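The following pair of complexes shares a single chain, chain A, combined with chain B in the former and chain C in the latter.
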Partner chain A sequence: MTKAPATPGAPVAPAGSVTPGVPVAPTGSVTPGVPVAPAGRRVVQAGPFSGTVSPRAVAVGAAGLVAALAIAVFSIGHGSFTIAPGDVVQVLFGGGTPAQKLIVLDLRLPRILVALLVGAALAVSGALTQTFARNPLASPDVLGVTHGASLGAVAVIVLGYSSSAVPFAALAGALVTAVLVYVLAWRRGIDGFRLVLVGIGVGEILTAGISWFLVRAEIVDATRATIWLNGSVAGAEWAQVRPLSLALVVLLPLAAATAFTLQAMQFDDDVAQALGIRLQLARLAVVLTAVALAAAAVAAAGPIEFVAFVVPQIALRLCGGSRPPLVVSAILGALLVVAADLAARTVLPDRELPVGLVTAIVGAPYLLWLLVRVNRRVSA
Partner chain B sequence: MTAANDEHLPAQPTEHLPAQPAEHLPAQPAAHLPAQPAVRSATVQASPEPAISAPAPALALGRAGAAESREPRLRARGLRLGYGEDIVVDGLDLDIPDGAITAVVGPNGCGKSTLLRALGRLLRPRDGEVLLDGQRIDKMPTREVARIIGMLPQSPVAPDGLTVADLVMRGRHPHQNWFRQWSPTDQSIVTEALEWTDMRELAERPVDALSGGQRQRAWISMALAQGTEVLLLDEPTTYLDLSHQIDVLDLVDRLHRERDRTIVMVLHDLNLAARYAHHVVAMKDGRIVAQGTAESVFTVELLADVFGLAALVVPDPATGTPLVVPLPRSS
Partner chain C sequence: MAVDVRLAGPSRRVWVLVTLLAAAAVAVVLSLAIGAQWLTPAAVWQAVTDPDPTAPATAIVRELRLPRTVLGVLVGLALGAAGALIQGHTRNPLADPGLLGISAGASFAVVIGIQWGAAQLTGYIWFAFAGALAASVAVFGIASGRRGGPTPVTLALAGMAISALLASFTQSLLLSDDASLNVFRFWVVGSLSGRDADVAVQVLPFILLGLLLAFVNAPALNALGLGEDVARALGQRVTAARVVGVTAIVLLAGAATAACGPIGFLGLIVPHVARTFTGPDHRWLIPCSALAGATLLLLADVLGRVVVSPGELQTGIVLAAIGAPFFIALVRRRQGVVKL
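Then we have the complex of A and B:
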């Protein structure tokens, strides 16, 4: 430790002689050194914005974006009527034959777009939830969103309403459940841990409700419901793309706006408040954004498993740092779902798997591998 | 019991006080050295200690001139604090002397930490008010308060994987906004805070990989980067061995001396409180029992009353501040 220069014999000036309020210049004992650059980060300035970015995160994000777009193009071209990637790009930029245009723009593009958007929405929702709950196991699932949406969708299917009502029922179920969980968890404010516990409890009740509907359903309806419950982007149309993209246009900037506050919210409540965070307001904003993102995604494609839970953790481990990066999470979420959808369509020759099954099969082992690898590196 | 123990007190000469504080010890303000024998013997008892019967006027001794002309920045009036159904503190008034180190002492559960949280607007009073520069602290924008008052809870939790440099940078949060998340000023203040706490070499280490003493220095570094004039520390020496306790308290002392910070800390160790604090506040059952200089507060009677502790109070051979020596329960 740097010793304060204590001159023997010289009386220390009583503090009263120092004008309170005037900042005292650092004494000679402090050696002004080279400024510490933010750990592994670069300072960026763009217009009124100044902040730091990690080159590693930029690299991961760029690679993920390229991969997601490449797979999307390939996936659009793949099918019973194969179109070369070059032709797909041409069609996307306005060229191509009428037949190619029909297949790409009307039949396959909506499905791919839904996959990309749903992946991004779920991953950002998960990143927000995990950060504010300070728990890597948290995801919108534990806020009751998924279960609420599922109960709504299954109820509509089993009770014999038209398929077009399913997304609305899912959306309504998700939002009603999220509000219920939030209200039940409220006790002079919201505590992250309590919110997660209440969410799990409510989720269990809703799961029982889903099972009850499935048990008393006609076999055809039960099959439809089960497919929906596994999450699928098959048969997605422009009618699903439009509301979903609209939701993301509003919600992703909101998520980015909370990112600055999220940094300070990672500490325990007292530290966060001491740093000047209005904790309840900030929490409400983050929870609302996360719930809305998850609800929009689930309404469009059903509960695609593991994306919200696993992608933020993968992004965190690839980029380093102390919390899941939002932008990289969004990109990797889109990548995972679009890749999983491609796999779901191609792995089995005779039938298509639900995409949620593939995300679970791909995502979970990858997270395990990352955990093992990172742990080894730390202990080595 | 107290009286009986007092009989055994040897009369201590005062001449053995060292003329100069040992060099490794924090230099004490001159007024801090006791002018009278620090031992409260039976004869001294005859003249009742004013500090015990009623709260002494804040900072009557020791730091004359420090804040004579103006009101202290941080004050509490008629505070009533509690959690749920329990009222922990009731009807408490307190002035925090500016530019001085104040130590709050008292037995477990007396409301010390609760009081500190209220002073740092982390706990909303049931009644009464905390005033910062004459304004109610709970009516002020919390970010504005965060630029004036910093607070370190007892066992602050940092997220996994956060490096020391990142931690200290987060201290700049109240000075930043979404558009200006980093500036050269932030950078130089963070660097200075790291150097000042001797954490520069450990800047890239994850906080969770540090030893207890290093971790506490990292958090103090963050509080320093926050650049607040008032700093509230809840038991900053918890879980530290004695040498690291001294490290941390020396750091606090330097904050006061070199930066003129106002510091309020909850401390368990009475002897360290006596050594480092200019103003001691003794609490019991949610009330302030005595306050003033360590010499005026740490008396045999008060220790018996507040802590139920039979003890001798002798001058600390190193600094001359009161040294509390507990007597065996059986004697």
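Then we have the complex of A and C:
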């Protein structure tokens, strides 16, 4: 667990909107009834609800959002037919020439939207899984999602079915495997550690299955399968945007609703229960949300799995705190994938790289730099 | 089985160790006897101790199966021990020896080797070893940062990041080059077949030195399990212990990967299996995990020769297919899994 960025003797943040100007008593002599925020956070109250907000997280989130939107607009304009960013914005708000409308709305926008949505979905799924498993190495593949999806897709490719079946095979593989892992790990309830161990066991079997398909496949199919396994948003259409955005509209609020539970689940089981968490129900909700988010993303763009690992860790180090923040993770995930997609299209003159490769090339050095620079020990 | 492992005394652990030794011996005999041509144990014994140059069994055992079995034992011991070490040092059940960047570094170097025209499997071995070494040095250096020693979390995160980066480079090379992918996909599965006696001889010194360092590291690792501050208070030199442990992991896993390709499964799951029988004491866990690794690898290799006879199924695939269900059953059966 993290020690909060505690600076002994620092002034406690003043109370938020409801009681402006009323200074909060310093820790040690707490006045009953007046909420006290931990150092570096502010209390926000709205009617009966209250919570704390970290100004640092708000700043990181806002900066990330602006950067993601700016890159998205530039990326839409970039291509064999270049459109100025101003014109792109105009088209997005309903203006522009018919040619510009065709290129922006029909050809390039779906791809950018898929990149943004997939990034957000994977990052939140990763943040949920890492908190749930209390393990920074846990990503949705621990729950079987990525391996199941990959096995389904590779099987369909190698056995020679049409490419249109691939997303469905991936989705089916992801969900079936996640259910299998959950059922196998169930024994008078779910224990987080047991779920993770069962997950890696199932993952190993599926990986062996993927290798088996790749070894016996024709080299053409093996290449196609390898490209899919790297993850790509090239060729994304509105047909992929709609189900994906629908999934996110449902799942992201669900993820946000688990935030309080996640905070308590970082402690061991007894403490979490003492804090009033119904553990089995909470675990089911968190796992289900993480699985569904990852499955939706993988079906749309293949396993861009590094996003789910790296983004929550980057967000955690930028914002501070004890667990990966959900909203900032979503924003930074969208930023990473849309930026990686732009790089994937532009770095090589003659061909595109799969975006999954570029996310690692962009994200890994940044995490490494943060690890070297930030002299603070943060876990989970 | 119903015995609570936390109460396991020395006598029980000795019993576990002896059982594992016996199992490994049986696996060695099976590996020498079974294949496209089945031999009786008597014929195997004669071929080893008193070779008759005219008998076909002599050629089969001495030329083909003996080198392969020796390599299987070495690689199994190495990966089993390395897995126990890495999980101890990172205090993370998801850690496998490849986490230090060893598999990814070796893979990247092998692809470069293939593209430079090293056509034979044995030609990759030095590429793989150099790649593993370079990647793990980078991981250790970054994880250590300016604090004079890595923590479990920075070690795991730096390893994961470097691995992903190298895997991306490997994939980008492969995507533009079908011919290399065609060779690489057989290397990356992990297999004992087609390695002659030279390979075992080449990796032998590295693995022996690695095993020695692993045993030396075990008491310090037990102390580190209590947290670095406690370990320091108990008189352990924390950074020195980390350096010894990581050196052992690199020697063991680097040599094993160079010889057989990345068999990630062994290092990931065998320590969990061994831990359910020995408990968390690394002085027992490391040897038991090594022996269990050797036994499992040999058995998987034998099975791979039999199931699609006269062809062969790659060892790495068989290993996961039989080992993982066994592992899941074990995890389900134990009321309280032994945590790290």
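What we mean here is this: the second predicted complex is superposed on the first by the 334 of 380 C-alpha atoms of A that agree within 3 Å, B and C clash if a C-alpha of one lies under 4 Å from a C-alpha of the other, contacts with A are read in each partner's own complex, and residues count from 1 in each chain.
By our rule, contacts are C-beta pairs under 8 Å (C-beta built on N, C-alpha and C of every residue); 3 or more make two chains touch, one makes a residue touch a chain.
No experiment lies behind these values; they were computed from the predicted model shown.
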**Message:** For A:P365, using the defined touch cut-off, is the partner it touches chain B, chain C, both, or neither? Pick first, second, both or neither.
**Reply:** second
**Request:** Go through the superposed model and pick first if A:G51 touches only chain B, second if only chain C, both, or neither.
**Result:** first
**Request:** Scan A:L107 for contacts with chain B and chain C and give back first, second, both or neither.
**Result:** neither
**Message:** So in the superposed three-chain picture, is A:V215 touching just chain B, just chain C, both, or none of them (first/second/both/neither)?
**Reply:** second
**Request:** Considering only the touch criterion stated at the top, classify A:A62 as touching first (chain B), second (chain C), both, or neither.
**Result:** neither
**Message:** So in the superposed three-chain picture, is A:L159 touching just chain B, just chain C, both, or none of them (first/second/both/neither)?
**Reply:** neither
**Prompt:** A:Q273 contacts which: chain B (first), chain C (second), both, neither?
**Reply:** first
**Asked** Which residues form the common part of the chain A surface touched by chain B and by chain C?
**Response** none
**Prompt:** Within the complex, which stretch of chain A touches chain C?
**Reply:** 135-138, 142, 184-185, 187, 191, 193-194, 196-198, 200-202, 204-205, 207-208, 211-212, 214-215, 219, 222-223, 226-227, 230, 306, 309-310, 313, 351, 353-354, 356-358, 360-361, 363-365, 367-368, 371-372, 375, 377-379
**Request:** In the complex, go through chain A and note every residue touching chain B.
**Result:** 1-4, 6, 8-9, 11-12, 14-18, 20-24, 26-27, 29-39, 43, 48-52, 134, 257, 260, 263-264, 266-271, 273-278, 320-323
**Message:** For the complex, give me every residue of chain C touching chain A.
**Reply:** 92-95, 99, 142-143, 145-147, 151, 153-154, 156-158, 160-162, 164-165, 167-169, 171-172, 174-176, 178, 181-182, 185-186, 188-189, 264-265, 268-269, 272, 313-314, 316-321, 323-325, 327-328, 331-332, 337, 339
**Item:** Touch list for chain B against partner chain A, complex
**Value:** 20, 23-24, 26-31, 63-67, 73, 98-100, 117, 120-122, 142-147, 149-153, 156-163, 165-166, 169-171, 173-174, 176-184, 187-188, 190-192, 194-196, 198, 200, 203-204, 226, 229, 247, 250-251, 254, 256-260, 262, 278
